Amino acid sequence: MKALWRAAMLVAALMVGVAEARTVRWAASGDPNTMDPHSQNVGTVTMVLQQIYDALISRNPQLGLEPGLATAWRQEEPTRWRFTLRPNVRFHEGEAFTSDDVVFSITRALQPTSNFGIFVDTIDRAVAVDPLTVDIITKAPDPILPNKLASVFMMSRSWSERNNAARPQNTRQREEMFTVRNTNGTGAFRLQSREPDVRTVLARNPDWWGWQVPANNGNVTEIIFRPIASDATRVAALLSNEIDFVIDPPLQDLARLRNAQGLRVLEGPEVRTIFLAMDVARDELLYSDVRGRNPLRDIRVRRALYHAIDIQAIHRTIMRNQSVVTGTLFPEQVQGYSREEDVRLPYDQARARALLTEAGYPNGFEITLDCSNNRYINDEQICQAIVAMWARVGIRARLNAMPLGPFFAKIQRDDTSLYMLGWGVPTLDALYSFQSLLATRNGAQGDGIWNYGRYSNPQMDALIQRMKTETGEARNATIREALRLYREDVPHIPLHHQMIPWAVRGNITIPHMANNQPYFRWAVVN
Amino acid sequence: MSLLQVKNLRVEFPTRRGTLVALDDVSFDIAPGEVLGVVGESGAGKSMTGAAIIGLLEPPGRIAKGEILLEGRRIDNLPYEQMRRIRGREIGAIFQDPLTTLNPLYTIGRQLVETMTTHLPITPAEAREKAIGWLELVGIPAARERIDSYPHEFSGGMRQRVVIALALCAEPKLIVADEPTTALDVSIQAQVIAMLKTLAREKGTAMMLVTHDMGVIAETADRVAVMYAGRIAEIGPVREVVRQARHPYSQGLMGSIPPLDRRVERLQQIDGAMPRLTAIPKGCAYNPRCPKVFSRCAVERPELMDAGTTRAACWLYAEGQS
Amino acid sequence: MKAFFDSDLWWSFTRSPVTVISAIVAFICIAGAVLAPVLAPHNPFDLASLQLMDAFKPPAWSSEGDATYPLGTDDQGRDMLSAIMYGARVSLLVGFAAVIFSTLVGVTVGLLAGYLGGKVDALLMRIADIQLTFPSILVALLIDGVVRAVLPRETHSEVALFVVIFAIGISNWPQFARTVRGSTLVERNKEYVQAARVIGLSPLRIMRSHVLPNVMSPVLVIATLNLGFAILAEATLSFLGVGVPPTQPSLGTLIRIGNDFLFSGEWWITIFPGVALIVMVLSVNLLGDWLRDALNPRLR
Amino acid sequence: MFSFIVSRILQALPVMFVVSLISFAMFAYVGDPVAIMLGQDFTEAQREALVRDLGLDQPFFVQFATFLGNAVQGEFGLSYRLSRPVAELIAERAPATLELALTAAFIALMIGVPMGVYTGLYRNSWLSRFFLTFSLVGVSLPTFLIGILLILTFSVWLGWLPSFGRGDVTRLGWWSSGFFTWSGIKALILPAITLGLFQLTLIMRLVRSEMMEVLRTDYIKFARARGLSNRAINFGHALKNTLVPVITIAGLQLGGIIAFAIVTETVFQWPGMGLLFIQSVGAADIPVMAAYLMLIALVFVTINLIVDLLYYAVDPRLRVGRGKGH
C-alpha cells in the first residue's frame, strides 16, 4: 500500500514536471541547411537562428526597430554611426559580449563567403571605441543602416576564432565548418540538439538579457522544430496533435484547420510581393514564335498581358483570399509605400485584345512562362491560371514549372522570356526592392542582381541612386516618383502580396509577424 | 487368397467436354510373392492402374466404379490418412525417373530414415543402421559412407537403386513399379531389374511391374496383363502370353520378341496408333488396327474370356466362334 | 473467330464472373480513355475554356454541384471527369507502350539467347541478371535522370513521355527474355525444329514460324500482368514528380495534385483519380491472373 | 567457397563502375548547385569563384575521375545543401532506412510466406480465395496511396499512430534505433506496413506458384507414395524446395524495398536515405545523390552475394560442380 502511494506520488510529481515543461512542437516544410548566422540569407535558416542569436537592433511585433544588443544608435556624421552596446550581456557559452564582438561579426558578414552582403554593403569598417561603444563607418551616407543591421546576427569573436570559424562557412573546404552545426548566440534560446532534416531542439536561455524587458513575456521552455516537407503530412501531424505550430499551412487546408478542435489560424500579410517579370532587353525573345522583334519591349503588349489577368479570381480561388491584391512593388509595411501608386490596370479582356491588335499581334503569340513550383504559395497554380487567362486573349503561353533549384539556375542565366518571382523585403525599405529588381545591372554590388528581365531605364536608375543617399521626406518623394514610374512603365506585372497564415494549437499565443519569422520570446503556452 | 484384387476398376476424368474414361472394367489379381507384368503402349492406362492402386490418382481423375482390395480389405475408398499408412508400408512404389523421384535437398539417408520411422516402430538411429543395410542390399558400394550423400551425387542407376531401397525399406507386401528401368541407360537396366527381382523374391514381395519393355517382362514376370486403351486386352501366365498370345494386339506386341538371349530396344511397331481417350472406337477398341477384325468387333465390346491358357478380350474366342 | 469462342480459353472465361466483370471494367476504362476526345464532356487541355471561377465545384450530385461537371472541378476549374479520362489515356498509353517495348526487347533477346546459345546466351542473360538485380523503379529513376541531365529542359518536356515509356519498358524486359529463352531452348531441341534446320531454313524463319508461336502464351500472360505494374510505375514516378510532363497529366499526376486537397474538404479532387487508377489496375491484374491460370504456362 | 566469393566480387566490380558512372553523369548537369548555394544576393565574381571551387569548370571525365578516386575512400565531399560530409549524412540516415526496410521485409516474409504456403496447399479453400483477392488488391494499390490512406485512418481519424517521423530513437554507438522506445515502435508501424504490403503480396504469390510447382514434382509424388505424413511432405519436402527460388526473389525484393523506401519515406517524412535522396534531388545536391546511388548499388551487390551464399547453403546441388547454377 505504501509502495503504491509512493508510486502515485511519483507519477503526480512527474505530471507536474511535464506540465512545467512548456514545449512548442513546431513544423515547417523546410529545414535550415546551416546554423551559421552569416552563411545563408534564407528564411528557413533565419527563423531558427532568430531565436538563438541577437542583432544590434531588434524588431517589435509590428516590425518596428527596437533596441537589441545596442541600446542606442545615432548617425554622428553622414558616414559614421555610433552604437552604444547593452552591458552585462553574455553568450550562451559564457563569453561577455563587447564591442570587439560587433567588429568581428560585421567583418565576418563582409567576407566574400558571407551571404549577408546586401545588409552590410555600404559599410567600410567597424571600429571599437570602448568595450560598449562601436562606430560604423560607411562608404557613403546610408540612411537605412539600422534597418539593415537588424538582420546581422552577433557572434563571439573568441568562440569563433577558437573553433576556426572566423569566416562564414565555405563549401570549398573539405571539412565541415564548426558553425554549420554549433551555435553560440546571446539570444532567448540555445541550441540543445540538432539532427538536420529530422529535429532541432532549442531550450530556453534563462539568462537572456531580454527577459528583463516586459514586452518579452514568452514562457516557452523548449522548442522542438521538425521539418515536414509534404503538405498533407504536415497537416495530418497538426490534426493528429503531433505538432503544435505550423508556420506554412497549405492554403487549401485553412478551412479545415480553422474548424478543427483546439487549433487556431493566425492570419496576416507577409512582406513579399509576387509579380511577373519580362525580358525587355533582347531584340528577339528566346522563347517565343515572334521573330525579329521582342513583343515585350512594346509597352502595349505588357499592358495587354496585365489587363488579361483576373487577379480577383486568383485571389478568391487559388489563394483562398489569403493574398493582398496589389498594383505596386511592395506592401505597405515597407518604408516608402504609397497608396496612390498601388493601383492595378483593370481586368479587361477586350482592352487586352485591342492593345495586342494595336501592337500588331491580332492573333497573339507564343511565349514560355517560367515558374517555380515549390517556392511561393501555390506558385504553379497561379501560373497555370494565368496561362489559361492569357489563352482567352490569344496569348499562347507555355508553362514551364520547375523546382526552385533549376528555376533559379535558369533565370539567373537570363535564360528566360517571362518568369514569376516573389520578392521579400527584410530591410522593410523600398531601396532593397528597387535596387535589386529594377536597377540596370552594372556590376556594382546589389544593383540589378535580380533584374533578369534586364529592365533598364536611366530615369529609374537616377531615382535609385538618389534613394541610396537621401533622407527624410525628400527620400520618400523620390520613392514615390519611382513607384509612379514603375506603375506607368510596367516593367513587371504585379500580382499580390502573400498572406502567410500560421496554424497554432489553441493553448499557444504567438504574434503573427509579417516577415514570416516566429519570435518565441513572445510565445505563451497556457 | 490373392494379395491384391482389382475388380471392374473404372477411372474417369471429368472435363468440360464430358467425362473421359481412362480405365474401364479392369480386373486382375496378384498373389503374394507374384510378379505381374503390365504392358502396353503409352497411354494404355498402365501407369494409371498403378496410381489407382496406391491411391494417388491425379485430380480430377477418380475411381468411378469397381473395387481394389488388399488382402481382402477394400482400399479404394479409404480416407486419406488411412490410405497414407498403407502407402509405403503395405504397398511400395517405384517411379520411372530416378533423377526426379528423389528430393534433391535431402540426403538419401534422411529420406530412408524418414520413410522407416514413419511406418515402423523404430528410432532414427536404428533406422539409420537399417538404411545402411538396405543400401548395401540394393548394391550401393560403401553404403556407410555414402548414406549422407545427396541424390545428385549418384549416377542414374545408383539413384534408382536408392529409390528401390526406399520402396522396400518399410517391407511392403506389394510393390508397384512403374517403368523402373525405362529412364536408365540400357547397359544397367538388366542389372537393376535383376536386383529388383532377386530382392522381391527374397523378401517375398509381390510386384506389379509396369513397363513397355517385353524383354523385362519375359525375364521377370510370372503373369502378364496386356493393356489397350484403358482395358485389359489379355492376361495370363507370362510364358503363354509371350509364346502364344491370343489377342491379336498381344500377338502384334509379341510378334517381334526375339529369343530371350537377345535384347530388344523397342517394341515392335504395330501399324496405326492407339486411339485417344476422346475417340475410342465403338466395339473393340482395337478393331481399326486389328488384322483379324470381323463384323462383330465394330459393334460389340468384348469382355475378357477364356482363350486357352490365357484370358483375352477378343471375339475370336467367343464360344461358338473358334 | 468461331474457333475462339469454342476454345478452352473462352470457356474458362465465361465460367469466371469476376473475370467477366473485370474484362468489362477494363474495356470501359480503355474505351473511356481512348475515346476521351469524343466522350469527355470538356477538354481539359483547352486553356481558353477554363473558368477559374468554376474551380472547386463539388460533384454534380451534391447540393452545390453543377451538372456540367459530373465529378466536380479541380483548383483550376478543370472538369474532374474529363481530366481523369484524359489522364487515364496518358496512363494507358504509357502502360501499353512500355509493355510493348519490353515485350519486343525481351522476346528478341530471349529468342537470340535461346537459339544461338553459347557466349551470346551467357552475355545476354548476365545482362538480364544484373538488371533484374535493380528494382525497376530505380532503373526508371536513373534513366529519367540521365535524360533530364542530357537534354535541355524545354526539349525534355517534349520527349518526357517517351522517356518514361522507355524507362519503364527497359526495366521489365528481362522477365520476358528469361521466359522466352527457356521455351526457345526446349523448342530448339525438338525434332521438327532440328528437321527444319537440316532442310536449311534460315534461323530467323525457324524462330518466327516454329519457336515464336509456342512462346506466345506465356508472353501474353507476363505482358498482361506487366501492364498493371507499368501503369503503377508511371503513377509512382509522376507522384514523385519525375514522370510525365505536367502538360500531359496522367492519373499519377492527378493523384499528386489531389494529395494537396486531402484535408481541405474538396475530397473529389483526391478520391476520384485514385479510385480510377485502382479500378483500372485491379481489373487489368484480375484479367492477367485469370489468363495465367487459364493458359497455365509454368511461370517463373 | 572462397574462390566462389572472389569470383562473385569480381563480377560485381564492373557493375559498381557502371553505376558510379551513371550516377555521376546523371546529376552532373542537373540543376545548378551554385544558384542554390549562393542564395538571394551575390556578385558575379562570387559566383565564378564558387564554380571554380567546386571544380564545376573541369571537363566531365576529370570531375568523374576525382569523384571515383574519392568515392573509393568513402569520401564524397560536402553536401552542397547541408555543408556537411556526405558520408556522415548517409551514415546518419542509413539506420532509419535499414530498420524500416528490414521491418517491412520481416512483415512481408513472416506473413507472405505462410499465406503463400497456405494458398498453394489449399488452392480452393475460401480463405485462399480471400488471400488471393487481397493480394491482387495489394499489387494494384500504389504504395503512396496506401501510405496516405493509412495516415488518414490511423493518424488523423483514429489518432492511434503518428503520421510522420521516427519517434524517439536510442543511440547505440553510431547507430540510432527506434526499436527500443514505444514511440519509435509506434512510428515504425505505418511506414513498415506501407512498404511491406506490396512485397508481401508479391512474396505470397511467388511462394504460392512455387509451392504448386513443387507439389507437382515427382519427388513429392514419391514422398506421398512412401506414405509420409502430409506435414512432412508439405513443410519438409515441398517448403524447402520452394524456398530455393523464394530466397532469390526475396533477396531481390529487399533491394526493391530499399528502393521503394524513397516513396514511403516521402509520404511519412521518414528521416532515411530515401528522403535524403529526394530532398537532394530537389536541391541538385550532387554529392549526396551520387553517394546514395553508389551505396544502393553496393547494397544490391551485397544482397546478391548473400543470396548466392544462401543458395549455396540450401541447395546441395551447387556445392559440387558449381557454375551451372539453377
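Structural remarks
Every chain is named by a letter (A, B, C and D) in the order it is written, and numbering of its residues begins at 1.
FYI, a contact is a pair of C-beta atoms (placed from the backbone, for glycine too) under 8 Å apart; a residue touches a chain by one contact, two chains touch by 3 or more.
These figures come from a predicted structure and were not determined experimentally.
The two chains most heavily joined by C-beta contacts are A-D.
Centroid analysis (C-alpha atoms only) places B farthest from chain D.
Closest chain to the protein centre (all Cα atoms averaged), using per-chain Cα means: D.
Centres computed as Cα averages put chain B at a distance of 53 Å from chain D. Distance between chain centres (mean CA atoms), chain A to chain C: 45 Å. In whole angstrom, the spacing between the mean C-alpha positions of chain A and chain D is 39.
Shown for chain D are the residues in touch with two or more other chains, namely 30, 148, 152, 156, 266. The set of chain B residues that touch two or more partner chains is empty.
Residue positions 259, 262-263 of chain C are each in touch with at least two other chains. The residues of chain D lying in touch with chain B in their complex are 217-219, 221-230, 232, 236-237, 240-241, 244, 314-317, 320. The residues of chain C lying in touch with chain D in their complex are 130, 132-135, 137-138, 141-142, 145-146, 148-150, 228-229, 232, 235-236, 239-240, 252, 255, 259, 262-263, 274, 277-278, 281-282, 285-286, 289, 298-300.
Here chain A touches chain C in the complex through residues 230-232, 235-236, 239, 250, 252-253, 255-256, 287, 310, 313-314, 316-318, 368, 380-381, 384-385, 387-389, 391-392, 398-403, 406, 410, going by the rule given at the top.
For chain C in complex with chain A, the residues that touch the partner chain are 47-48, 50, 52-53, 55-56, 75-77, 153-154, 157, 241, 246-247, 259-266. Chain contact summary for the complex, chain D toward chain A: residues 30-44, 46, 49-50, 53-54, 77-78, 80-85, 88-89, 92, 148, 151-152, 155-156, 159, 162-166, 266-269, 271, 275-276, 279, 282-284.
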